[in-house]
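Please find the structures below.
What follows is chain A paired twice: with chain B in the first complex and chain C in the second.
Up next is the complex of A and B:
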């Protein structure tokens, strides 16, 4: 009888635990995305010998639609990156052409950063595509965080073999993510810092993305403006409008 | 005294001397022609591939050769250029920016190498006017491009059409542009023909956002100067911590290996030729010695020292070979020179094969002085070695036996 009770207890306990892991992910995901968002940011590409800064404006709607406009440096001003579901286009003002990214370019860097085009287009949903498990608690940036382990579900088209996500217990901010490949070797690390308040939401304003294969390389994203649930005209996400974005 | 006797001996029996001279002459003549032809062919191959485009020596930023990336470009100062120009044997210095791009036109796209060039300087390396098939050459401030003929064929593009380039600029900048075609050029090399696009240095630097920077500094040499020595001298003029100096052998080892392999075969044939000739000379010497045994016997029995007789024989051999070698020089030289300036033209399958490998199907002879000198010297050496035989005969000679016929 005693033994039986223990098994039942263990079962309920673990199911509560996993339930709450999914809950955590759901909350953090909805906080980060909102229905739609508008952001102004600077991206700094850091290489061992040089670095490059660029400024972007970016609009997004759900996970399916997003468009980014480069506002500096002058030579690249007006370049647009448009994502519609699983397809992406690049508008280049110098040649006044919109180019649909071919599959062969998916593994190439997005605008020279450490992200690949694939990373942006095949953005998987942390909620749907993974199974979640809390594996511990840690302190990051003086904040008490859950450490979650996310394993992709079998039929999810996800490039990663595993994710480790650190989420703070109070504001559900993703403060650190580690990306593992299929062989469960760590390949990338993303670190959030400088917490700021945007539309009443607390979020890290600075994200540093490290590709761990290339030492000395990183990409830093700093959000200057970040508004959520703004109304964005539908045509912002069309290939016809890219040359007129401002 | 001995020299005089030897000289007279040579002319005493004209026919005998003539046979020896002829044997030596043929050896020298064939050796010179063969080597001139073979070395001339290699020189032409090198000139086609190296001399016309990559240059004999190049300077790159360290790491560029392994990772041909615009971020591995460098700036070169006027003072460095001047000091390189002063090196003996350097005929030209050419600045280039090279970068790989994705090109497209209508529905087609293709990977290409865009090279920014200074038209005037390039023309000292190759005759661009001769190679231009259509359109005009670049000028320094133009925004147009010249495409190689393979590229033009791929896009079915003519002068006036445009190509779009998308590539990676310096320090992560975008490199994007649309460029009208102003000319089509034949690079005389299938690889280059399928991959090359040229624009002015300035517009290429603009394209990749790398003002004043270059990726390759091409150093051309004057004919018959050694590129390895020039490279050594260049190394002393620049900061080798941050720059690489490479000769064409390091840049295109395949060509060097091809030539080395072919050359080994050539040397083998020369060795066989020398063996045949060596035995030919030995044959005449043997015959001559046997013929003159009686004479030697008489000389020794009337008191001639054996050593003096040997010296006379050596002198005779030297006279004969010198005459043979000289005649060989005199007769082969005009022929070599004629074919140097009017190269042999190949035709048919051989020509096609050479052309598809990127070489002009002609064989100009090489007219340097070292070929006749080296081979003349080898022949003289061979004749001196054959001299050993009569010397041994004389040293063992018993006058009575020799005179007893």
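Up next is the complex of A and C:
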């Protein structure tokens, strides 16, 4: 019995090792998204002498549809960001208007944070817009991780020149990402920590983004609720529903 | 209209009572309350060297009550207290503010003296019934049909001026509005702002849909004495946003009349990686002036006489805005308007600093120049310092 177990174990192990970089990225990406997801999170922008905390609710379906509702602070409460495939809109409750955003808005920093709209909602980009290579293994947060190097494909419309991604071998969590610009200079670092279990999936509940040019600056995302494969009505991802999101 | 509002109010009261009986705790959970208090100090120089200062305490209260998952009541009130030199110099201020342009008089002047004017106006008071496929709103509300930032020829009900920076919410109209969702990204909408006869009313329908990455809207309606035909389009050209908005006004009495008016606005917007946002627009008003009208109140025309049919007094007006964040706490923008023909220019720089989570401050300037006999003359300057607390 033990012998069989060992064989099976060894086989599984070797098959994990033989997994391609692309497969790893695909698994980590699909784990982070599920078929659909609902999350409640806080985003804190930290500057040496200043701090701002925002709370958000966010729904997503597949890779194409996502919508986020700001629930605090008071001034921005009720603002909505809607994305459908390549189109994006912003709903402002004070003027009761939905404004269509120019495509260039996607590569700019989101609401004063240290990550872009793209970072926030275009996760799938890691699968389709880059070529992938395993370049080593390292221990992060006491977990054995693959280190992957992602280089954008020639026609990809991405902001980054290169990404280094650390993914743990057991639960496929992205625990660290280094963002390089087009000149291959490192500009941002993302670090995941405080691992929690959400619907049986282990994921870091705290993500910190550091812009490396500005010491003392960072943006922290903390997930309070994170549910996967929930049923979300189709009309949540529509311009006519933005004023009714709760 | 008055009867309708009365019936609506009755409806609200009875259904709220029902809700109250059902579940006292739930009732409180379903009431939401928000708003702001602002203090603004303004200083202006108009055609002279003397500075006129004024003060404004500005409060907005928003109440929203969800009677059940379908029925919602909204009431918002704008309270303002004016005092200072400008208030003192304008004895008619109280009377002007007391004049509610809506069907119902919901503007009140609790105090009116040369030194202090207090005004309260309910600029939102409506109930809405929302179901999965449709929504009905009755009462004072904002009907926002525009797609552009600077000028909105499609905004038949609530056309506004970007220059009135201290009133983002805009006034409401007393109307009935029905929206029917024909799909996730398409809808049919009808809105009616009743007057004593059709020539004093607006009744219009709007059809919205999304076509291969473009938001498109078509409108048709009775706009006072005119028939209005409109088209709005929001799409993109490469990485820039492109918006087109146009309404054609045809007098109902005599179709062959030459007083048809075309109001069209085109804009481009673009945002850089660093988050600097550009917006450029042009407005064409076929009934606008092509040359200097030497009007005394051109600046007033920027603010008060704005309608979808006459958004600017000039035939062509240009608009450019650049805005961005220096830090997450500091936002700055620079806006320029140029009225061709009238040869008038307005420059509006502003800087906002978010002091704490709910407290922000703003400094904004308005500089007006005209160009007569190829000489640029300053016409007026306004400087506004504002402190706001949001709750």
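Just so we're on the same page, the second predicted complex is superposed on the first by the 213 of 246 C-alpha atoms of A that agree within 3 Å, B and C clash if a C-alpha of one lies under 4 Å from a C-alpha of the other, contacts with A are read in each partner's own complex, and residues count from 1 in each chain.
The rule is short, and it goes like this: a contact is a pair of C-beta atoms (placed from the backbone, for glycine too) under 8 Å apart; a residue touches a chain by one contact, two chains touch by 3 or more.
As the structure is a prediction and not an experimental result, all values here were calculated from the model.
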Task: Three-chain arrangement built on chain A, chain B and chain C clash or fit - done: clash
Open item on the list: Quick check for you: in the superposed arrangement, does A:87 touch first (chain B), second (chain C), both or neither?
Closed with: second
- [ ] Considering only touches as defined above, state whether A:79 meets chain B (first), chain C (second), both or neither.
- [x] first
Open item on the list: With both complexes overlaid on chain A, does A:224 touch chain B (first), chain C (second), both or neither?
Closed with: neither
Open item on the list: Output check: A:159 vs chain B and chain C. Expected answer is one of first, second, both, neither. What do you get?
Closed with: second
Task: Comparing the two partners chain B and chain C, which touches a greater set of residues in chain A - done: C
Open item on the list: Contacts for A:95 in the overlay, against chain B (first) and chain C (second): which applies, first, second, both or neither?
Closed with: both
Open item on the list: Taking the superposition on A as described, I'd like to know which of chain B and chain C A:50 touches: first, second, both or neither.
Closed with: both
Task: First, second, both or neither for A:237, with chain B first and chain C second - done: second
Open item on the list: Can you check which stretch of chain C gets into chain B in the overlay, out of 110-118, 128-136 or 380-388?
Closed with: 380-388
Task: Residues of chain A that lie at the interface with chain B and also at the interface with chain C - done: 45, 47, 50, 52, 73, 75, 94-95, 97, 99, 112
Open item on the list: So in the complex, the part of chain A that touches chain C is made up of which residues?
Closed with: 45, 47, 50, 52-53, 73-75, 77, 84, 86-87, 94-97, 99-105, 107-109, 112-113, 159, 234-235, 237-240, 244
Task: Residue ranges of chain B in contact with chain A within the complex - done: 71, 164, 166, 168, 171-174, 176-178, 209
TODO: Please name which positions on chain C make contact with chain A in the complex.
DONE: 34, 36, 130, 132, 142, 144, 146-147, 149, 168-170, 179, 181, 184-185, 187, 210, 213, 215, 234-236, 238-241, 243, 269-275, 277, 325, 327-329, 354, 357-358, 360, 390-391
Task: List of chain A residues in touch with chain B within their complex - done: 45, 47, 49-52, 73, 75-76, 79, 92, 94-95, 97, 99, 111-112
